[in-house]
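Multiple structures are listed underneath, in structure tokens.
Shared between the two complexes below is chain A, which has chain B as its partner in the first and chain C in the second.
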Partner chain A sequence: MDEVRDRVWRGSLNVRVSVCPELLLTELSESQDTNLGFVNIIVPRDCYLALYLPNIIQKLESQLRISVSDYYSGWWFEIEGARMPWNFPVGALYDSSTGLNPSNRSSLHQENSVHVWHLMLRHGQHIPNGVIPLKNGIDQIREFWMHQWKQACYILNGSAKQVMSLSKPDTLTFWQSVIHRDLTKFEPIRQKIIPMPNAVRFIPLRIHVALPDVRLVEPICKAVDNERDVELGDVLAREFPEWFEANEESSNIAKPVIQGIEVPLSALVWEVYQQLSSFDGFLHISLCLQAENQTV
Partner chain B sequence: MSRLLESESDAGSTSSNVESMKSERNPYTVQDELEEYAKKLNLLALGEDRNELQLGDGSSVSLEESTGNNKTGNVVVSTAPRTTSPILTHLSPAGHEAVKQVLSKTQGMPKKLRIKFQAIGSVAQVSPQSAQISSSQPFSVLVTFLRKKLKLATVYCYVNNSFSPAPQQSIGDLWNHFRVKDELIVNYFSGVAFG
Partner chain C sequence: MITKEVFELQIRETLLPALRRWSLCQKVSLSDDKAVVTAVVKHLSLPYYTLEIQVEYSNIYQEPQLIFKVWKVQVEQDIEVKQVYFPPDLSRLLNLQDFVIRLDYLHNLNRDLWYSVHGCDTNSIVGSQLEHYLERWASIYLTIFDPEFSRVFID
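Up next is the complex of A and B:
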């Protein structure tokens, strides 16, 4: 299981962040130089993209027509014209918004090619509806993340005590481990929050749906129901009966994708949680609809 | 600075009490985001949000009356990115039907849920203490409601004395997970109570 955690933690995305043309210096936006106005970065799947705002903006600052006074406030990302919230792991947003079909991924991958996700960086006073405005930089992101953990802890244990009673050094190390991508420091503190299997109250799940519109579903899910371990298919068939018919895997029109991996419907939710849950304490499931002749 | 913030946030307010002054001193708080977020909801003409707050301000029935008028939920729902949208045109007939069913289901009736407000420390208790609100509303509606009702520049809200949810999280989801005796308990304070 440690190997799975390690692979999940190291999972990454290739992202090209282009600056909204309105923000570029006039001479640059009119220039034919195609190497301007964007930055290519590799980001961990299991983190908030907003944590990389300073790195991205610093690289682009000299090409912008505005003077940058704050690397967080007023900035946001868009995916193909749709606003992108920063407060979910970027990998889950990628999977749901691109309708990722992991089994197609290798066939689309050609030699000497790299798949790149295109995002647009925007700035303005009127941040779109649904994006939490960042006014207090990285401290706000840290506080938000801690509250997400408290919420997940409450769902798991019936109270947020395990998180609230973490020592100050532990709390600090926990966040630092996210920033410095240090799983060996992250995991022991995570284990202090996660209950023993027989004490799990509910499992913190978040299901991301991008079609027909972008939605988040937070079902109530037990680890064991009626003395039977709950399977991923049970939860999905209950929440999306039209999409998932219990025990008929072949007829399903959507796939559950977690951390970029297609997870079988027969997988036990508690086991999946332990292996594939995100750095914010939730198990993020992206539902990817399958097209008849999928080329996307 | 604090004057400016105050007049911006609540035009009619002259009775700034100690708590609100205290909280205004720190201009960069999470609550500012919520505030701005709520403003944005208004800007984007999500009418039911505004109506609700006005009704809440004007009557002691608070959220109860206003939520009855709610026709649609306003938890943030946005359109899919263009890259995913083509999938819809490639769906099998069964898939198409299933998507349609999901769409019609989400437009179904939102439930009315009971919320209980509990003040922390020296902040005034809102009256009445309980209110009803539509399950499809986002949590930010409660924050904005309390801020206006209490005439405070910032209000920090917590569920069950524990955590502060994302402003766009639906009250229905919070209620389902964290209710106590069929009420969602929302604790509030003019500053940070639980870091």
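Up next is the complex of A and C:
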């Protein structure tokens, strides 16, 4: 199996999820014990963080002042006070919301430390804007994910037929491969959906931008345009002319990061899609702004 | 499929006038870029409910994209408050038929949540002929809110 796909699939994040203080038992929220009120987990970059809600909540349940009746409904995550949607791969959210260049990020790692992403777990009747309420647990997540694949399939092939006509066992295996992190079962089914290079209609792209506002851009992107393979820089210069100049990598003030990897603007989008696209059928590109002293 | 240019033309020439003729429609507006229509519509029979409907162009599907919200007037401490409402069973409120409707659309403007009517099979439902495309589309899709919507094109 392709080594890049394998490494992308195995990419993970160290996450510390703290419970918002109002949810903690009074004696714990006033306690000096610093080992309470949080859980550390390693999550795959290429998955929905919401899939880990039961695991996280079960570990924290005994410290909560509410009695938990549902491990999905009413829960959401925040990062530095901002709500975090669950409906994108967690790695793409990490890359866009931290805005850290991978090259700088690695310099933060030291021999005796690891980089940990801090999130807060919240619960309430009113889910904030930007978060899709989870009313039907893991079934809702599965249906949502499957629908992403229908969309991606439509963009790639001009029809969702390849997904709609998957056999029941294939559909089940596809989802189970995500849950059980089994790339050997995921890839053959994914390959049934992805067209041959000469039959690609458009490439499913999602560009995540966190600054100055959080927004999602879904550009139309061909694999080949005017008999020329489309490069990542072409798409970014078209969609973000203020940040990217076609063919002038040195003056750009942002960098595209995909699956935690800084990808050169000269990379061909279709090749990048095949190597780095996510478990939902989309290629998620996070734009990280460079500090002034990082631009050449 | 419909191109963005034809979509925007037919919005002005067909959809906007039709929405203005629709007896349930209380308010209709076109965005500054002329690409998004928003209508506020009374519920067919339940006076405490209104619907905010938006039609825009989907770059992904190259089809009209229909999204909507349900608003409900509720009395809270003797004051009437109009709030976005997510009914436990949408089919009791609207004429859903076989449309795939999901509560999964995060609006790009302020990330608020809308119901979306999925457009994967729009082409097979509406047909490919560009002439009167939005008229055919609206006659089918807007029956979610009013089974007799297509009358606006006849009366």
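To be clear about the criterion, the second predicted complex is superposed on the first by the 291 of 296 C-alpha atoms of A that agree within 3 Å, B and C clash if a C-alpha of one lies under 4 Å from a C-alpha of the other, contacts with A are read in each partner's own complex, and residues count from 1 in each chain.
Throughout what follows, a contact is a pair of C-beta atoms (placed from the backbone, for glycine too) under 8 Å apart; a residue touches a chain by one contact, two chains touch by 3 or more.
In this text, all values refer to a predicted model and were calculated from it rather than measured experimentally.
With the two structures aligned on chain A, chain B clashes with chain C.
When the two structures are aligned on the shared chain, A:Asn136 is found in touch with chain B, with no touch to chain C. Looking at the shared chain after the overlay, A:Ser18 reaches neither chain B nor chain C. In the superposed model, A:Gln63 lies in contact with neither chain B nor chain C.
More residues of chain A are touched by B (comparison of chain B with chain C). By the touch criterion defined above, A:Met146 reaches chain B but does not reach chain C. Of the two partner chains placed around the shared chain by superposition, neither chain B nor chain C is touched by A:Asn55. In the overlay built on the shared chain, the residue A:Leu289 is in contact with chain B alone; chain C does not reach it. In the superposition on chain A, A:Gln162 makes contact with neither chain B nor chain C. Counting contacts as defined above, chain A residues 85, 87, 129-130, 132-133, 143-144, 147, 150-151, 154-155, 160, 214-215, 218, 220 meet chain B in one complex and chain C in the other.
Residues 28-30, 32-33, 36-37, 40-41, 43-44, 46, 76-88, 90-92, 94-95, 97-99, 101-103, 106, 159-160, 162-168, 173, 176-178, 194-195 of chain B touch chain A in their complex. Within the complex formed with chain B, the residues of chain A that make contact are 79-83, 85, 87, 97-99, 126-130, 132-136, 140, 143-144, 146-148, 150-151, 154-155, 159-160, 164, 202, 210-215, 218, 220, 240, 242-243, 251, 253, 289-296.
For chain A in complex with chain C, the touching residues are 85, 87, 129-133, 143-144, 147, 150-151, 154-155, 160, 214-216, 218-220.
The residues of chain C lying in touch with chain A in their complex are 59-61, 86, 102-104, 106, 108, 110-113, 118, 120-121.
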